[in-house]
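You will see chain A twice below: alongside chain B first, and alongside chain C after that.
After this line comes the complex of A and B, so read on.
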């Protein structure tokens, strides 16, 4: 098995998949804690469906680089969703549900009406479940992912204190002079970038798991924002690596294997907490 | 004595040339450069995708693949094209490699009668058909895999 693993790791596309997988897992876990605490756990799912719809339109328009359309549409949707919680007729969860299901339905409808590829079910399956996308990345896509990941990490670390303030008590942050709307906009933009990148790793249906599970697992073990964020990042990267390696060795679908690793980590953390309570 | 030695030498030469000629007629088993039949389904699918996207590093190499048999008969030219199809782990996407069997079967349904699961070994080459480039495995050795 070690020989096979060494052979697989020598393939350039496996190396590219590991680099991109680790970067996406790291970025998604950083913002995951913020989203869970702001009660926006399901926003990843909604936005990924928007990205699916945008990808369908980009495919119909035969855009060579679909990121040019998918990223701005997802960003606009993220901004609309995050500000929908305040002073709007449609409240947060309803807005997410409407945008999520609406974009999914319209995207699939458009793909059916104007499909340009011979394998429609294959295209839909690849977008929804990630399929093998992560193992078929070209070097240019890896560079783009690297650039976006570095941008996300820089933004997170530079504005860490402001994000922390807006996450825990937006009203208090606003009262103390923090431009909460601007930081919500920043969070929305970063989330959109992460969602679009993560579609390659786990597909649009499984993105929420990548955001929620590491954060929830870390929250079982630690209480402070910093500790939870660090633990979430470590867990997310380890699970992504483990899932990726298991899937290439066992021939299982990449996205669902990574999510299964995340679930296992969450259950393990729950088990550790229970054991600690028993021994105390 | 000299005459006997000459006859013996001639016999040896004749035997040597005969064995050399015989060796040429017996086809040597292909030295496989990339054996995809032993790899996991995820890697095989990704490898074939990359092969189709950027075939240059693979051209001229002997590949061994395992997948499902498929054939297509061109209704215009009546030519038959054989392919080994490899599904991905989610079984919604497929990659196929065309092959030219070393021994042309009498009936395209030949392989499907026994089993659709094949192992194909052949040299990867590119050919042009009406201005479009295609890849295929030439001089392919086709083995039917027993049902598992």
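After this line comes the complex of A and C, so read on.
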């Protein structure tokens, strides 16, 4: 088995997949706590459906690098969804449901009408569940992913204290002169970037899992914001690595294997907490 | 010069006024209690003074060294995240965010300030404890320390004792009193008229009839009347 792993790891496309996969997992875990506690998790879910619709359009247009279309569309939707969350006339969650299901339906419809490849259901399945698309990344996409994940990490690092403040108590932050709206916008845009990147790794239906599971698991174990953030990043990277290696060896789909690893890590953390309580 | 002057304010949401023609001013060292029934516009007034919403009409002016955004604010307990993973130190330090200006991280002076305020509020012992695991009274002290990190001049407290048991309530009032004696101006929204009259130097009553004046004027006009 070790020999087989060594063989696979010597292929450059496998090495690229592992580097990109680990970076994407790291980025997506950083904003998990914020997403969960600001009740933004539904925005993440809605955006992933929008990204699917955009991906379908990009496929029809035969763009060489579909991220160039998917990324701006998802970012604009993130900003719109954030605005509509405060709109009282159409309730925020209803607006998100409408946009996300709408994008899903229109995306599939367009794919059906204009499909260019012979294997329609295979294409759809790849976009929804990721399957092997991480292994077929072109060098340009790899560089884009690298650049974006470094940008996300730098943004998170520089604005760490602001993100904490805006997540913990938005009114207080605003009252002491922090531009909370600007930071909400920043958070939503970064989420959009993460979702577009993560589509390559786990597919659009499973992205929320990648963002939320590590954060929820870390929140069971740790008590400070900093240790929760670090723990969720470590967990997410380990699960992504384990999921990638297992899927390469066992031939299972990459996305669902990674998410299964995330679920296992979450359950393990719950178990650890239960055991701690019993011994105290 | 007054620290805070409200001039002919009309307050409300989406063009619907809740409070009309409200004028009052707060001097350094005052202890003003804002009383009134639910829905009378106390919270709207607070949100407007804090700059969270705009007045429909009229103006709010800051003076005597107080800037906009220089108010320390203690929110109602129900508005605070319940399951947030953060230590007491992280929460208190976030009160220094206005001092960050364009720096990404807190300076040594900011951290020292947070330590001092934790000492002052008697919560240094659980600086590393998780905020969500503390009792209601302890949480209020943490949030008060955070508010003190944001200001030396004026604290705005939104029902600081609601939900606390009588002993802790008395401690909280004593703590606020001692801050006021050190020269911090206090603005406090309160449900409890009796303790408002006991603690405050000035009373602002909003609702059907608006009153603004010193505690003595209130007692002379209303006697022992209850809201």
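Basically, the second predicted complex is superposed on the first by the 278 of 280 C-alpha atoms of A that agree within 3 Å, B and C clash if a C-alpha of one lies under 4 Å from a C-alpha of the other, contacts with A are read in each partner's own complex, and residues count from 1 in each chain.
Following the convention adopted for this analysis, a residue touches a chain if its C-beta (ideal position, glycine included) is under 8 Å from a C-beta of that chain, and two chains touch if they have at least 3 such contacts.
Note that the coordinates shown come from a computational prediction; the quantities given were computed from them, not determined experimentally.
Peer 1: With the two complexes overlaid on their shared chain, look at chain A and say whether chain B and chain C clash or fit.
Peer 2: fit
Peer 1: May I ask you to decide whether A:13 touches chain B, chain C, both, or neither, giving the answer as first, second, both or neither?
Peer 2: A:13 contacts chain B only, not chain C.
Peer 1: May I ask you to decide whether A:165 touches chain B, chain C, both, or neither, giving the answer as first, second, both or neither?
Peer 2: Only chain C; A:165 stays clear of chain B.
Peer 1: Looking at A:251 after the superposition, I want to know if it touches chain B, chain C, both of them or none. Which is it: first, second, both, neither?
Peer 2: First partner only, chain B.
Peer 1: Examine A:108 and indicate which partner it touches, taking first as chain B and second as chain C; both and neither are also allowed.
Peer 2: neither
Peer 1: Can you report the vertex angle at chain A, computed from the C-alpha centres of the three chains with chain B and chain C as the arms, to the nearest 10 degrees?
Peer 2: Spelled out: centre of chain A as vertex, angle of 170 degrees.
Peer 1: Classify the contacts of A:136 with the two partner chains as first (chain B alone), second (chain C alone), both, or neither.
Peer 2: Once the two structures are laid over each other on A, A:136 reaches chain B alone.
Peer 1: So if I take every C-alpha atom in chain B and every one in chain C after superposing, what is the smallest distance between them in Å?
Peer 2: 38
Peer 1: Over in the complex, which chain A residues touch chain C? Could you list them?
Peer 2: These residues of chain A touch chain C: 33, 37, 157-162, 164-165, 167-169, 171-178, 218-219, 222-226, 228.
Peer 1: Once bound in the complex, which stretches of chain A touch chain B?
Peer 2: So the residues of chain A touching chain B come out as 4, 8, 11, 13-14, 119, 121-122, 124-126, 129, 131-132, 135-136, 138, 247-254.
Peer 1: Quick check: in the complex, which residue numbers of chain B touch chain A?
Peer 2: Per the touch definition, chain B meets chain A at residues 39-43, 45-47, 49-50, 53, 88-90, 92-94.
Peer 1: Note which residues of chain C are touching chain A in the complex, please.
Peer 2: Contact set of chain C toward chain A: 50-52, 68-69, 71-73, 75, 79-81, 83-87, 90-91, 94-95, 97-98, 100, 104-106, 128-130, 133, 146, 150.
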